[in-house]
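Listed next: structures, encoded as structure tokens.
Each of the next two complexes has chain A plus one more chain, namely chain B in the first and chain C in the second.
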Partner chain A sequence: MRNSAAPSNTNGELFGYNLPARHRSGAIWRMFFFAATIFGIIALSVLLWDVVNDSFGYTAFTYKVDPATLTTDGKPLDEATSEELIAILEKTLRPNRLNTLNDEKPLEQRTQDELYELVLAEIVQPKVVAVWGLADSLLRVGKIPTEASQIASQKNIDPATISIVFVNWLSRGFVASPQSSNALYAGVRTAIMGSLYIIFITILVAFPIGIGASIYLQEYAQDTPINRMIQTNINNLAGVPSIIYGMLGLTIFVRGLSPVTSGAVFGYLGADPNYGRTILSAGLTMALLVLPVIIINGQEAIKAVPNSLREAAFGVGASKWQTVWHHVLPNAIPGILTGTILSMSRAIGETAPLIIIGASTYITYNPDSVFSKFTTLPIQIYQWTSRPQDEFRAIAAAAIIVLLALLLALNAIAIVLRNRFSRRLI
Partner chain B sequence: MKVSIKLETPKNPTQPMNITPEKSENGRCAIEAKNLSVYYSDFRAVKDVNLSVEVQKITAMIGPSGCGKSTVLRAFNRMNDLIPSAHAEGDVLFHGQNIYAPDVDPIQVRRRIGMVFQKPNPFPKSIYENIAWGARVNGFKGNKADMDALVEESLISAALWDEVKDKLQQSGLSLSGGQQQRLCIARAIAVKPDIVLMDEPCSALDPISTLKIEELMRELIKEYTIIIVTHNMQQAARVSDYTAFFTLDERRAGYLMEFGTATNIFTNPREKVTEDYITGRFG
Partner chain C sequence: MATYSESFTQSKPMTPNREIDLRKRPNLKESLIQGFLFFCGLLSIFTTIGIVVVLFGESWRFFGSPEVGLVEFFTTTTWQPQVGAFGIWPLLTATLMVTFFAMIMAIPIGIAVAIYLSEYAQERTRKIIKPTMEVLAGIPTVVYGYFALTWFTPQLRNVFGSDTVQIYNTLSAGLVMGILILPLIATMCEDALYAVPRSLREAAYGLGATKLETAMRIVLPAATSGIAAAIILGVSRAIGETMIVAIAAGAGPKFSLNPFVGAETITGHIVRISGGDLSYESIDYNSLFALALVLFFITLILNLISQRIVRRFREEYE
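And then the complex of A and B:
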């Protein structure tokens, strides 16, 4: 009918000719859907660019000792050999400081990277004067020295002592270093470890309990008022703000179960008292937080398994449990894992409940057990963004990239697992 | 159990009657419904069905949509238990025992009374596993060779062996619709049931596959009793030994209108309604 130009009269008065109007409204809706997609893509790109922009760029430093004066033949300091670096340290540092360093770890046994950082921290002592983003560094590179001089004079620093270096804040050192009060040496290693530990406990606790509950509610529970009430409450719990779960975790796990979560009943004695503010408390709190989401997703996945499959299994005399275990669960697993991925992503990005239950913001050692005090990536990012200095903004941006990468890596693992399960079923 | 023969003409044809097969010279009763009513919540879907099915015969249930023939079929192996709101009243006697008695485990019932469904529903597993799983969950005691033999025997009985013997490890879902339905039949008979219930087994199949299944059913009754629900009157006339005609009363409850040999029902029905239905005047 699309090609017939004139309205057909065969149907009499009952049907009007409205095809152009229908096509028009269809086209308008299509444009709206397209615009919505474009808006989403733009928003995401801006976010990503903003983070990348802050993570790289020129930085103006002022040094206590100019690194160029330390090496003899004009070679850059970071290319100096271990022996040369040791020589510099021994020449410049006071003997008792040298002894202290040697007591920590003999200089000869340290790697070139470690020695280089030592020279920077002990002798060069760089200070950040100003930080530029990637956009400025690429597009307005000519104006940066002038701006640097202006900023230096405002801060009463001699502009002549300023050197401008392109800094990659997201360096290998950043990922591998522990927390530090100096942005130049600060890293996210302890935060990554904390996040991974907590996610591990969260999944370990929430996955089996969540799947168990969704199987019960979907396959076994009768349609009674009590079960309907439980169902409604689970649905509502999924929407409760995360900070409420933080309060719950504080009351139950940190305070109430303090002997357990601090490890005291297991005879665990940490370096300093943790008062139950441990990885275990955080993981359990996060498990509570994601449990409703996992249950609801699990129920949806189980609901989506065709009834004909259950009937087929019952039809050959299988019991309820055999039907669920051999047919319902394997077919629901891909959907269940999708829900788990979603909740894992939520848990790894949560900050508020962890602040409530007392995450430490300054932790320089790796968590060594579930009874360790902890910090996580979002906590670290939150803490760094609240600092006034530009360089902390830069490392916060770098930490966000690390967090996104970690999230992507964990999701990739989950998706590979899910696809493996799905393939086995065909 | 001997089946009594009743041939009295009902005074009020819309009222349910005790109807049993007219011919049963040496026939034994495989399963028998006595005053069976099935309710969905408060709605009485089927009322007072009295039906006795003869061993190693095909009994077809026909009737207009919504007359409860599928409900009755599913009541025979307690498949309705899976619907939370459904419950049955009356007795279904299987080997003289009421399968709705409190001490009867529905799993045991379904293991003895297998089922083939309207839409082919093989498990999303290999062809081999489709057959072997039922045996395994029911405590199959044999070794690997015994299982291989059982799979082969079941597939041969379902006239599928020649088509799939080289691809037993392929997914059951890779087969055509007709093959899938025969796989489902093979799966049902692999656990050695007494009765196989078939709920419109050919409604999703083409005529050639339908014909194959019908031939298969004639073969299967050498060992099994078959009860089939069908919307296809020709099919009921072709394959069934006995035919039960269901219809609806004014409150939309289904009941058994007439039951007899297929020949009688299709050539010389006792009731006017039956005749109207099978000749295509309504339904």
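And then the complex of A and C:
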């Protein structure tokens, strides 16, 4: 009776007649899912390529004085000895300018590198006309001179005075030089120092408090309203936009605690007033920002320690703190460290709150104490990217590579630490 | 045996007539430590109180000043502090537009990645994709801003013509922000799909469903709430994201729905204005806190909704 309705079903015809179509759509969708999955890899590669592409390449310069005319026997300027460079400086510069330079640091005591930079800055005065990326420099190298002269005539520069040089923007000098308003001499030394200083303070403050809070919530806290409130609150704090922490830091640390954070209370008097916009304020703000992340990661690590360990410790008469200190924490430390370092890499890349706290800081000296004004790598990248000139784009890209290298190093340390601790304990 | 039990009974109990006191003895060191740990936990509450007090306090002064009205703030469409016009809508529309583009990018791709990873992928593929997602999520946002301005915008200008697409535009900022949000949505959605019990899938296969039909008609609907939570959290993250829009979306508030022109979002405006030298007593300064307060409430509400959904969804299968 039932079979009469669909006799062909027993032969599998009804079941099978649209099966190829279903399989086809299955295959098409599967391809779409797969394409979406490799989209992430493609995006990452394009992003990295874009940064590398902008960091190297041919650059067209125009000089106030052609460097080839300065040296006598056609030797390149950067190979000239210190004596030759001093001779060039003394021949070309006005006497009072020479005196000023000698007052800063006598010429005879300067190294060849310093003298060379001095000659460039004082006499040659190169100016960037146009910048090409790595791809153009490799693939379309033949067209660069014509393009350069076109751009030069648009900018009312005599195309004959242009020289095209391959520039590695990510040079050793770039990493070692302080901030400068000229892209050719600008570097990231002050910014790296600022970033490291701030991270140091952040770890110093956030690590003990964060671990303390996660121990409390995981080991001590009973299910009371206030403990539930703390837990919910931490989860919510983790989702607050970082810029709001910047506003908090500006009001509380920069303005409210200004006597402390500017160092006035401790009798610190810097070269120029810092108004509380110091490394200390930045570090404390960052500590508040990463605290929820550290606490949540710490809780996960402590939660993963098996209960049998605690029970064994209590069984032989250990107190609560003895159990936590001698048994729970040593087993949770790999997870805690990983979480902490991940939050530190977040702090290193964080930009918005530090811009709000540091405002438009321009410093060319290394930060020498926690009461110094600061700049950081991401702030530098932001400021350079915001400039319209191509050469600033190039050094922004070079600074991004430095920042990514720093993050990579930090994560490598995290992995090494984790492996070492887990080997020792198990 | 006998001697043993004899000697055992003969030995005297150590405290013959006194009961052992098993109550917890007060221990100063232990209490101090517990007090310190409790203080650490409490500090997070102080942070929240600090945020609320700071934002409300400064906003109070902003709305208290004669140039500004609460109604005007939420209804007018010009934000020009120089002439005393404080209408939040230009900033809010730019924020919503960027968020919208980010979601157009992140939601379909994120869900597709999640389906592939949870339903199709072999262990080897997962081992490549998962770290890639982590790296994408770990790249500082200022780098994404650079990417949007120097790579994505030129591509958009190539496609749509450099007359229509301005150098700073919300579309580029939004789409690149989508790449930033993608790992968040993908991993949260994958967790949701993964939590769907295996029996559901096997039942579908048993009825003759293909892999695609199982994924789309059985697993995906069963994980809807988790996916919704991921999307809401992604929206919240996009609204609060700062550096991409500060670099690539343009400066200057503009009330426009054109994706190809520059417009300033709430976060972008706060960063630009506070990055300059600003007097603490000016109304501009106070206005930033009012904006931050709006931002704080929007993201807080979205986060709470997302958490609520996740909690309800978890109870379903346990």
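Everything that follows uses one rule, which is that the second predicted complex is superposed on the first by the 385 of 426 C-alpha atoms of A that agree within 3 Å, B and C clash if a C-alpha of one lies under 4 Å from a C-alpha of the other, contacts with A are read in each partner's own complex, and residues count from 1 in each chain.
Throughout what follows, a residue touches a chain if its C-beta (ideal position, glycine included) is under 8 Å from a C-beta of that chain, and two chains touch if they have at least 3 such contacts.
Keep in mind that this is a model prediction, so the values were computed, not measured.
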First, second, both or neither for A:166, with chain B first and chain C second: neither
Touched partner set for A:365, first chain B, second chain C, both or neither: neither
Touching partner for A:17 - first (chain B), second (chain C), both, neither: neither
Partner chain in contact with A:381 - chain B first, chain C second, else both or neither: second
Partner chain(s) touched by A:355 [first = chain B, second = chain C, both, neither]: second
Chain A: partner with more touched residues, chain B or chain C: C
Touched partner set for A:319, first chain B, second chain C, both or neither: both
Touched partner set for A:308, first chain B, second chain C, both or neither: first
Overlap of chain C and chain B interfaces on chain A (superposed complexes): 319
Of all residues in chain A, those that touch chain B in their complex: 222-223, 306, 308-319, 322, 326-327, 331, 425-426
Contact set on chain C toward chain A in their complex: 27, 29-30, 33-34, 36-45, 47-48, 50-51, 54-55, 58, 108-109, 112-113, 115-117, 120-121, 125, 128-129, 132-133, 135-136, 138-147, 149-151, 179, 182-183, 186, 208, 210-213, 216, 233, 236-237, 239-243, 246-247, 267, 270-271, 274-278, 280, 288-289, 292, 295-296, 299-300, 303-304, 307
Residues of chain A defined as touching chain C within the complex: 15, 22-23, 25-26, 29-30, 32-37, 39-41, 43-44, 46-47, 50-51, 54, 208-210, 212-213, 215-217, 220-221, 227, 229-230, 233-237, 239-248, 250-252, 255, 288, 291-292, 295, 319-321, 342, 345-346, 348-352, 355-356, 359-360, 378, 381-382, 385-386, 393, 396-397, 400, 403-404, 407, 411
Residue numbers on chain B that touch chain A, as the complex places them: 77, 79, 82, 84, 107-108, 110-112, 114-117, 119, 121-125, 133-134, 137-138, 171, 173, 184, 187-188, 190-191
